[in-house]
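Quick notes on the structure that follows.
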Amino acid sequence: MNTVRRVLLQGAGVLAAGLLAPIAALAATWNKEAFGAKSAPDALKSIGATHAAPSGDVVIEAPEIAENGAVVPIEVTSNVPGTRSIAVVVEKNPFPLAAKFDFLEGALPYVKVNLKMGETSDVRVVAEAADGKRYTASKNIKVTIGGCGG
Amino acid sequence: MPGPMKMRASLGQGFTEVRVLMTHPMETGQRKDPQGKLVPAHFIQNVTVKVNGRPVLEAQTSQAVSRNPVFSFRLKGGAKGDKIEVSWLDTQGETNKTETAVA
Amino acid sequence: MRIRRALVLSFTAGLAACATPATAPIGERPPAPSPRDLDEITAVLKRDFHERGQAKMDRIQLDEVQRACNLNADHPPADAARALEQAELKKIPFPAGSLIGDWKKGEKLAQSGRGAMWSDKPGVQQGASCYNCHQISPKETAFGTIGPSLAGFGKTRGNGAEMQRYVYGKIYDAKAYNLCSQMPRLGSSGSLNDEQIRDLVGLLLDPASPVNQ
Amino acid sequence: MRAVLCGAALALTIAPAMAQKSPYADYQRMAAENAPVELYELAGEEAWAKKQGPKNVSLERCDLGQGPGVLKGAYAGLPRYFADADRVMDLETRLLYCMMTLQGRAREEATKRVFGNADHASEMEVLSAYIARQSNGMPIAPGTSHPKEKAAYALGQKLYFHRAGPWDFSCASCHGEEGKRIRMSELPVLYKPQYAGPLMATWPAYRVSTSAFVTLQWRINDCYRQMRMPEPAYASDATVALIDFITVTAQGTPYRGPSIKR
């Protein structure tokens, strides 16, 4: 257990230093390239979603306007048959890929999560079908400044 | 030591709804503390959901997930008493998990 | 002194005329407090509040303007209000020459909601809180609506010496122009200095400021 | 196409003052559904049962107005007059009283850290979360008949409209007129039931902008900070009176907290 922990810590240290080193095999996968991408096109490319087809089967429920960017609730449902994964990309965030969910046998392609948004942005969701095809939808969410600023 | 987690799993129409709360700072690495020093990045990277010991959902997450993450998932079918386990792993190698039975 | 007596008298007369209860029913504004009510409230504040950081206990003492506005629910008799406004106006130290400062610095001040709180460092964390209540530059869409829109202010009103003086004075002491205005007296309260107020004048009046684009 | 969309978006940004329904309604509903308040409720449950203080007892015998240890509906019935203390008390003031009497703790120790932060919520905050939850669904019904309850309401109302301090602010300077905003935040007119009701139905709350759980005593304290006033003492008659005034204005509204705030 201690060894695992130490290896993971080293992995995190390397990650923080910005070097490319594979995280120990014992750790769960975390797509460093995709999560490290600094633009939406790069992030989409690294998850193979550059040519994702717009689809009404990818349903995003989120507020049009958020009172605070620190917590923006987003609910995603994929009606794409055989959805294997759902990725959520906040296009204007410094690191646009926010999360990726892989659904194994037994889970429905649905997730609800709170995200941080640095500014008003399109939020893009990419669903991956069983055959590897990608489908996408996006929604613009406005982030506002409130309060006295004290 | 990681802060507490809280989970609820309840039967819906043909699915099981799982809602899980995690105590975690989810630091982006871009925030400054009151002294003006950058707070290093520290966030959950992996979340795994298991039903009766079998993984059904694996999530990779970034610093864009809000502090004290709240996730809702839906599992196919399900029955009262099914054992749901959710665990996480963060950038510092810290982990935590919680278990509940479907109610 | 005479002003104060006049205000008190006008209130007392009002009280005798309608004998209003001290507490308003739910959902209604209460009647203006009596001088005794004001003393009672100040005594409560003295007992229950304490100084912290730059927020000292002298801040709970009411000046003539605050007394007049409190005693008359922000609608003092016109004559008394005018006299107090004149007295405030006399206290504004208008500088000579152009009052148009650096609008870019003005914009920063207008954006900042800091200053004068117990949590602020005196003299360091100063802001003017303008956007909290006013629309100003069209680039800033997150603006408040307690005060009127100031968009295009210089373009529509001109920026001659008279207008510069008015804007400077209004920021320095809003109560010199409208006794019970909700706008703080940013100069007389010591929250902003001369240079900062000029920068704000620049923000509103400089033709190059985004406000006037 | 894009220009049309942008125009519509802009209209939405400017419209809130006039809109019937708040543009933030969807945000507030979804954020409330997805709020991490249960984490604080869990911690509060532990704090309620934790033996501490010179007498080494828990708060489980604390009488919040419905009898010793009764939590159901207790929060919805506060503030109210307590004969044992001969005072009107809100939840936090009453908890402090129980800490001092039941547990034998000194006021100074019990109030040393009443307002926590994102990393570490305070004992008062987690207790408030836990106790408030047990009034969820019940109508807000503070005490209004005892002379001291009437006096608290009257004092709160006077304080609400009292202008003072270097910036000449009263609570009503910002919360006095309908349809106004500070930046993009809509300002509830808290002396009117239609605004006080929905607001008081959701305190205490997880505050998104600071990722911290906050209470009504904190809210009043922070308003006075931003009004540029000196600091009100925690659980003082002044803060209790303001909480009482707004809660009485909100009476009858079903309580649906603890919830979430901007």
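Observations on the structure shown:
By written order: A, B, C and D. Residues from 1 in each chain.
We take it that contacts are C-beta pairs under 8 Å (C-beta built on N, C-alpha and C of every residue); 3 or more make two chains touch, one makes a residue touch a chain.
Note that the structure is a prediction, hence the values are computed from the model and not measured.
Between A-D and A-C, more C-beta contact pairs are found at A-D.
Remark: subunit A and subunit D have CA centroids separated by 35 Å (rounded to whole angstrom).
Spacing of subunit A relative to subunit C, judged by their CA centroids, is 47 angstrom. For the pair subunit B and subunit D, the distance between C-alpha centroids works out to 29 Å. Annotation for subunit B: residues 66-67, 69-70, 72 touch two or more other chains.
Within subunit A, residues 70-72, 75, 112-114, 144-150 each touch two or more of the remaining chains.
Counting partner chains per residue, subunit D has residues 13, 34, 182-184, 211, 225-226 touching two or more of them. Touching pairs of chains, sorted by label, consist of A-B, A-C, A-D, B-D, C-D.
Only residues 34-36, 38-39, 42-43, 118-119, 211 of subunit D touch subunit B when the two sit together in their complex. Subunit A makes touch with subunit C in their complex at residues 144-150. Here subunit C touches subunit A in the complex through residues 111-114, 117, 119-120, 127, 129, 132, 142, going by the rule given at the top. Subunit D contributes residues 5, 9, 12-13, 23-24, 26-28, 30-31, 33-34, 182-185, 208-209, 211, 225-226, 260, 262 to its touches with subunit A in the complex.
Against subunit B, the residues of subunit A that register as touching in their complex are 4-9, 11-12, 15-16, 27-31, 35, 70-72, 75, 90, 93-95, 97-108, 110-117.
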